[in-house]
Each structure stands twice: as structure tokens, then as C-alpha cells.
Amino acid sequence: MSFDIDLSVPRGRRTISVRIAPAAGITALFGPSGIGKTTVLDAVAGLVRPTSGHVRIGEATLFDAAAGIALPPEKRGCGYVFQDGRLFPHKSVRNNLLYGWNLVPEDRRFINLGEATEFLGIGALLDRSVRHLSGGEAQRVAIGRALLSGPRALLMDEPLSSLDADRRDGILRVIERIRDDLALPILYVSHDRAEVDRLASQVVELS
Amino acid sequence: KDPAPRPPLVLAAASTQEAMTEAAEAWAAQGHLKPTLSFAGSGALARQIATGAPADLFVSADSRWMDWVEGNVSLRHGTRDIVATNTLVLIAPKDSDAAFPEGGDWAKALDGGRLAIADPVAVPAGRYGKASLISIGAWDEVKDHVAQTADVRAALALVSRGDAPLGIVYGSDAIADEGVKVVGRFPDESHAPITYPIAIPDRSTATDAEGFRKFLLSPEGQSIFEKYGFGPPPLSGEPHEAGDAASGDEEPEA
Amino acid sequence: MLSPAEWAIVGLSLKVAAAAIVLTLPIAFALAWLLARKRFYGRMLLDTLVHLPLVLPPVVTGWLLLLFFGAGGWGGRTLQALFGTTLMFRWTGAALAAGIMALPLMVRAIRLSLEAIDTRLETAARTLGASPLRAFASITLPLALPGIAAAVVLGFARSLGEFGATITFVSNVPDETRTLPLAIYTALQVPGAEASVTRLAIASVVLSLAALLVSEWLVRKGGRSYVL
Amino acid sequence: MLSPAEWAIVGLSLKVAAAAIVLTLPIAFALAWLLARKRFYGRMLLDTLVHLPLVLPPVVTGWLLLLFFGAGGWGGRTLQALFGTTLMFRWTGAALAAGIMALPLMVRAIRLSLEAIDTRLETAARTLGASPLRAFASITLPLALPGIAAAVVLGFARSLGEFGATITFVSNVPDETRTLPLAIYTALQVPGAEASVTRLAIASVVLSLAALLVSEWLVRKGGRSYVL
Amino acid sequence: MSFDIDLSVPRGRRTISVRIAPAAGITALFGPSGIGKTTVLDAVAGLVRPTSGHVRIGEATLFDAAAGIALPPEKRGCGYVFQDGRLFPHKSVRNNLLYGWNLVPEDRRFINLGEATEFLGIGALLDRSVRHLSGGEAQRVAIGRALLSGPRALLMDEPLSSLDADRRDGILRVIERIRDDLALPILYVSHDRAEVDRLASQVVELS
């Protein structure tokens, strides 16, 4: 399965347009700050509405301006790791992680809480409030939350930006396994060339 | 008929509270269901009856409000009477040496203070008070030095605490408060008769309402009203006040 | 301490205030949500209407209620026809009056909390599979908890203190509509009853202090347990 | 439309309500700030005290004011000795009564806004060289603007509607303390004066609608211009 | 001028201790996520209070537990680029940038608004609300705000994490100039080895 994206979204005075042809594996979105990478992920997740174009994952049409199709976010099955975390401040780390997990049908889950906390190294944090996590801790919880929601595609907006090299490597290995074993299409935003070169089978440069 | 007899619901003007409470107890002591008493301003009670509230007896402190009720809902024929009358007095704090300013030296008597009086537009006591002051030629002098209160008891309290050197209240109020003394009584001719009309709304369902009404008008009931400083109904008003005839206590001025 | 009759008044006041809050809270929340989140034609009008019981003298509100729910009013006739019941002279009417007087305070408190919520958290919940309703229940509602708690405290206090609309609408019937403020008013009509007034006033204060403590405790617990 | 006498009543009501707000707002803010930010001994007591005018029947509040500011009361004697003035029967007393009745609503609204502020923004301001006072004025205060605006609207509306405490404390003196609610009450006590009641009630509603519009506009402007 | 730091701060169940000997130039704080890097910067800025130790910049003592000295944050002159931005949401980009600039005596300013917006590439954003900035845009505004406050030392917590290589390079060059021309001591947190190697004259590894 893979993304098939062609869309235009107005943002302030500009319009952000992108076309991503279907390609297996990880598609990296690359481009300078402020060019519109986050906007594209938002459009794929159903958080902003493009004025034209379409978004498909495999056979499923998430959005089609011409056909008037626009699935709501919860029907799209896109696990989204936001650039700004967006953890639920009133919930513990555990309940943040389990939020999507509790909502998804059992047969779509591909990872459980123990496995996720293991490779993310957040087992000791489970009963803490998310309000006082360090930057990198919050980022890892956000990754775990998205993976645990049993998504059919992943949208990752600089998911590793505040992590050290060791952690980064461990998480990248899990992402690669997800890509390979589950064949989840992944849209990946990063400024790190090395990361992108290692992961991506396709690099889309926005400009 | 009614399977479970219901005590009558009596809507009574707040100024009759003590007398009505004692009367209800005396009535209950005779083996009747104790009437339920609801005290508020006559106007509020009148409006409640006019909207069809299931009240069994209305004791108004103001004949205008009884007239108004009569014009809006029907009263049971022959049940409108006057249950009590009152007098209008000038009061001062207990330890004051003020006297009734007979010669018209009100400004001196007030000495920069205010004359506590219930609202002359809204409250009957204020209306009577204003009429009396006009009648004795004092209104123009005091009208800028009055403190108008929401009800008689508030005027009483102002004087009782010394926040006003003089006040005009009912005789029944004055004897109830030990903090004030009566320094003079306004002549009965200076204001319209102060009457407390009573009547049973037509939609009343309580069987005992008429019995309680009669009790209030009986010598035993009247002695209770007398104890609290009320006067007896005028002889001319007995036994029934004329059904829908305009009552005699028109305002001295519109 | 209090006499049995005074305890009965306290009990009645609690019943009326509790019923008023239970009745009004969902309505207040719905109104707050509309005013905070939706832009629609007539929004300012709705906002003004909600404030009405605050601006109008309570007596006028009571009078309007009387006109509407009296035996001849539209609401009164409907209640009579549908349920064979009336609000007049009943504690249910006192609860309605108290609830309506509390409504503007409750709406404002909840609305302030709703407006302070970062709506991106709700969209995050949606991407995790939550329907709009579930996102609302699991994110919006608990994050609005401080406002809801404030609404309950304010509304409860306002209900406990409500006088003018109540006495105008449902009169001053012992054991039915004579709540604490009406009992205090009744006592105030008797010179020298200050002792009783003071006792009843202290009872009011103690009740609202209890409400305050409970609400602060709930908010703190809600904030700490992360169960919501 | 309104008669000249009715216009005078509207003017007086505006003056009283405006004075009440101007008087109460800084106090409400200070109390809200204390309750939101500080943990001190007696905090719950202060919280209860602030709610007092809400819980007590307005008449009792007016009565307490009368006891305190009356000729024999401590406050009344002090005012008389220091300034040779009194609040009794004066519009200033009406403003005081209205302000006190509005206080709990205003404190709660501001407090909700203050509690929603991320205090890390204030510490960020400190690292940029702002003294605690300047951080407060440039960060805390503008971020609390929604709560302050709500406080002003609620307080203004409450002041416009205040009846029981006013009539008890400063009586019902035409042109001095007869505000809209008192005038409405007076009219309501006269059989058949419903037309006047209606006109005055509509005047109240229009005034509060205006206040609402102004406050919404201010908040929106404040939110958009980033000048604060 | 340079930092002289020796402190212990309790954080949850752990205590974070660090000793940084005076050394000219940029000191990089390095270490895995959650180890306490942000906590150290907070302590230097005066936002958390260490239980023991001292913080000095050159001759100036900002904190000394033994002597009972603890300057308030506004007296420390530390320009702090927070890991989480902390822009003032009610102010425009311009007024965020000028916040500290307006408060600092003229003779301590070393950069003006034009220069800052120039090298950060945020000139076009000046009149926008900070609420809708992209991740990298917000990060650049935060850097500008700290520099414009005329600080006597810089605390930078992963200031370049969501910027592309070109931007990063431009900003790094400015930081180097500040280090060299103004001799400002800089505490720099980063997970990027290349960045650290390029900038730092001293690397402190927390563990």
C-alpha cells in the first residue's frame, strides 16, 4: 500500500501544492522551514481541507475534491506524530499512550503497550503526568501514542528532532520494521539528510 | 370529594405575619388542619392569585390589590371582608426626645436626617403616609428628606437603629419593635382608611378556607389582631364589604 | 444550633439548589459550548438572552415566570396537560427559578474554560480514532472541568441565595418553597428576630463553604488522577 | 419611548453600575490573583468570604452593609469622621452595594482566566529582563483579558439588576438611589403599571446588550491587534 | 567571560548534578533525553533553585547556595532559547522579538531588529500572530527574541532542531560571530554531533 496524493491547500497568502506518486515504503517530505510540510500532513490527516486534488492510500480514497469525498480524521486511520507533540495534558503518560489503542478494533493493533514503552524507553514514565516530561520524553510518548492507535498509515513530523543518536537509532529500527513487516505507508518529515537517506524510498522536495 | 383533606393555603401580606401566625395556631388548636401561611408583599401575592395559583385565602394589606385581584379572577361570592384596620404613627428611636412637629417645624425635628417612610408609590403605608403629610401641610417641606424603603419593616428598622431620626409606620409595627417609640399619631381623616381586605378566590378547593376566614373575623380571631396592634373592622363594613363596589379608600392624588 | 424547623429549611434549600444545578448544568454547558465554539446568526441575541436573568431585577424574572408558568400561561397549560402537574407553590418551581437565576453565571464560567482549551488537542484525538462525540467526552469535557466546577459553585451559591424571583414566582410556602433566603426574609419581618436571621444566614454560609470545599477537592482530584 | 424621568433613571443606573465596576474591578483582580496563584493560610476562608454576597440573600447583605455603614456602624462613623460624608441614601452607597454583589462573579471569571495562563510564559518574560511587575502587566494581564472582559460584563449586568441589597442599604430615593430595578419594583407594586415596568425592563436589557457588545468587541480587538 | 557552574537540582526522584569549569566560548551540554540538560539551563537562568552549589559568569555571581545569593531571572541577563519556544501568544512576531529589546539598556544591545530578522529569515512574518507559525518559524523567532534582549550569556536548548541545513548553517555562523566578537559565554544543548563539534570548545556530558 502507498500514498497517492495530489493536493492544493491555501495557507495565508500562499497556496501549498504537492503531488506524491504511489511508491512503496517511506516517503520523505523535504524542504525549508515554513514551506508547507506540516500543512501537507494536516491535509492528509483530514485536519485542513484542500481546495482541490485527492488523497488515497492504496485503494481507499480519503479525500477527493471532485467526487466530494472527505473522510473525517477518525475514519482515515492515519497515525500522526505532530511536530508539537499535542499530548493530552489531563492524562497520564499511560492513558495518552492507550488513548487510540482503546479505540481501535483489536485486529488492527500491531503493537502493545509493553513493546512500545520498551523500544521508546518510557516504561518508567507511565504513571507520570505529561505536563512535566522533558522535550525528548514527550516526543517519544507522542510516537508511541500514534503507533498504538493501530494506524493504516503513519504521518511523522520530525519525530526524532530532540532525541539523542542512540534513541534515534533504536526508534528508526522499529520504524523500518513497521515499514517492512506491515507495509504501512509512511510520510516522514525530517531535516536530517542522514535520516532521510537511510529511511526513504522516495524523497519529495517541496519548494 | 377530596380523598385527603388539604389544609388551606393562605397568602397573607407580610405585615400581618405575627397575627396571622398566631391565629393559624389557635385555629389548629381547635382541631382543624393548620392553614399553610405564605407571607410576601401584597402585590406579589395578588399576582400569584391572578395567574390562577391554587390559593384558598388572600389577606391583603392594600384594598387596591384586592380590587385588582377581583378584576382578574373571580372571588367567591360573599367572602370579601375587612379583617382588620390600622393606624398611622410617627416614630422615633427609643431614646430620642423628638416630639411630633405640630407647628410644622419638620426640618428642625429631622435635624439633617431623613424621614423613613415606605415607598409612597409602591407601598400602602407610604401612600397613606404621604397623604397624611400632604393633609397636614408638611409634604413639601419633607419630600426631599425622606428615605423611602421597600416595606414598612425596613422603615421601622431604619429608625430602630438610629439611621433615621423619624419614621412613619403602622401602629401595629410600632408596638412590635422595642427600639422605637411613638411620638404622635396621624389623624384618621388625614389618610384613606387603612384596611386589610380578605377574600377566598373562587378556584379554592380546600374545605376549611371558609371556616378559617370566619374564625379570623370572629371575636377570638379579632382579639389576636388587636393584640398585635391592629384595629377592628369599621362598623360600616360589616358584615360584608360591598362585592365589587369601588372601595372608599381612593388615593388623595392620582 | 438549629431548631428542627430550621433544619427542615436547610434541607429544603439543599434540595432546591441541588435540583436547580442538576437541571441547569447540562443546559448551561450546551449554551456555553454554542457561544464559545459556534458562530451563528443570532449569537449575540442568545448571549443577551442568557444574561437576562442577571440584568433584570429578580422580581421581574419571577414575574415573567409567573406569567409563563401560571395556570393561564403557555408553559403552565402545557405542564398541566402533559403531566397533570404545576410548578406554582411547589419546590420544583423554586428550583426552576433558582436555576434560571444561576444560568448566566454558569454559562460564563464554563464558556471561559471552553475558550481556553487548545482545540488542536481535540483534533489530535480525532486522528487517534475518536469520533467527535468521544473527543468531546474524553478531551473537551475534562479540560473544561475547572469551569464546570466554578459553574457548580457559583450556581449553587446563587441558588442558595435566590430570593426575589422565588418569592414572586412560587410564593413563600413553608416546607415547600420557603428556602433559606425566604425564611430569613420572613424572620426579618418580625422585629427582634435577629438571632434567627443570624442562625439561618450562618447556615447559608456553611452550606456554600461546603460546596466550595467539595468543588476544589474535585478539581484537584480530577487534575491529579488523570482518570477522566 | 422613555419619559424624561425614566431617562434620568437610566442615567443614574449607568452611573451607579459604572462606579461599581470601576471600584470593584481592581479589588476583584487582586482577590482572583491571590486565590489563583497563592497558597496561604486562610485561603479557603477568603474564598468563602468572596462568595458571601452570592450566597446570602441580597437583603441580608444590604442589612449587613447598613449595620456597618449606618450612622452607628464602625464604617459609617469612620467615613463621617474622616470625610464628613456618608453612604446612606446616597448613590455612592448604591454603587458600593452593587459592587459588593458583583464581586464574587468578577473574581471567579478573572480567576478562571488566570488559572488557564501558562506561567512559563511569565518566566520567559523574566529571562528577557522583565521585572515581576512588568511581566505581570505585559503578560499576565493581557492573557487574562477574556476573564476581565467577562468580569466586567457579568459585574455590569449584576449591578444593573441589583435590587435587594440596594434598597435595604440606601433605600429608594428618587434621583439618588432609585436605579432601574428599584424603579421597576416600585412600578410593579402598583396595580396596572405593567407598561412602565416593561419599558424600564427593556431599557435594562438594552444597556446590558450594549455592554456585551462592547466587551466582545474589546476582547476581539485585543486578541487581534497584539498591541497589549 | 565564561561560565563557572557547580550545582545540584532535585527533579522528581533523582538529583541532577553538573560541574562546568570555566572555559571560553561555547560549552555544549550533551546527554541522552531526560538526563537533565533543560534542568541545568533552567537552574542557570534562575527558573529552578538548586539545593547546593554556585553559578557564576565571569566575576558575577548569579547563584551561591552557601552565600545565600540567588539573583532573580531578570537580573541574570541570560538570553534563554527554550526547548519549547514559549512565544507570547498575544503578541505579534515583532512584539515578541522586541520584548526584551525594549527592556534592556541601549548599551547592552548588540543586534537590532533588522539584522535579526535578516539572518533568521523572518522579515516577512513580523506582523503575524505567533499562533500560526510553522515549527521552524517559531524556533527562529525564539532565537531572535533571546538575542535581541541584549543578554550577557546565552542558554540555547536545541535551538536548531526543526530547521533545515541551510538555515541552520546561517544561524550557526551568527552564533559563532557572537561568540567571537562579543565573547558571550554560551551553554548549548544539542543532539547533533556535527553541530556540537563545530561550535563547542568544551563538551559536558551529563549522565
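The letters A, B, C, D and E name the chains in turn, as written, and every chain counts its residues from 1.
Going forward, a residue touches a chain if its C-beta (ideal position, glycine included) is under 8 Å from a C-beta of that chain, and two chains touch if they have at least 3 such contacts.
For each chain, UniProt lists the protein as follows: A, E = ABC transporter domain-containing protein; C, D = Molybdenum transport system permease.
The structure displayed is predicted, hence computed values, not measured ones.
Least step count on the touch graph, subunit C to subunit E: 2.
Each step here moves to a touching chain, and the least such steps from subunit B to subunit D number 1.
For the criterion of most C-beta pairs in contact, the winning chain pair is C-D.
Across the assembly, the mean Cα position most removed from that of subunit E is the one of B. Centre-to-centre spacing of subunit A and subunit D amounts to 50 Å, using the average Cα coordinate of each chain. Computed centre separation for the pair subunit A/subunit B is 79 angstrom, with centres defined by C-alpha atoms. One simple way to say how far apart two chains are is to compare their mean CA positions; for subunit B and subunit C this gives 35 Å.
Taken residue by residue, subunit D touches two or more other chains at 63, 185, 188, whereas all remaining positions touch fewer. Touching of two or more other chains is recorded for residues 84 of subunit E. Across the assembly, subunit B contributes 157 as residues in contact with two or more other chains.
Going by the touch rule set out above, the chain pairs that meet are A-C, A-E, B-C, B-D, C-D, D-E.
Subunit A meets subunit C in the complex at residues 45-47, 72-74, 76-80, 82, 84, 86, 88-92, 95, 99-100, 103-104, 129, 145-146, 149-150.
On the subunit B side of its complex with subunit C, the touching residues are 9, 11, 14-15, 17-18, 36-40, 44-45, 47-48, 51-55, 153, 156-157, 160, 173, 176-179.
Of all residues in subunit C, only 59, 62-63, 66-67, 70-73, 76, 86, 88-89, 167-168, 171-174, 177-178, 186, 188-192 touch subunit B in the complex they form. Against subunit E, in their complex, subunit A makes its touches with residues 12, 31-34, 38, 83-84, 128, 132-137, 139-140, 157-158, 161-168, 191, 193. Residue ranges on subunit B touching subunit D, taken from their complex, read 41, 43, 46, 64-65, 67-68, 114, 116, 119, 121-123, 146-150, 154, 157-158, 161-163.
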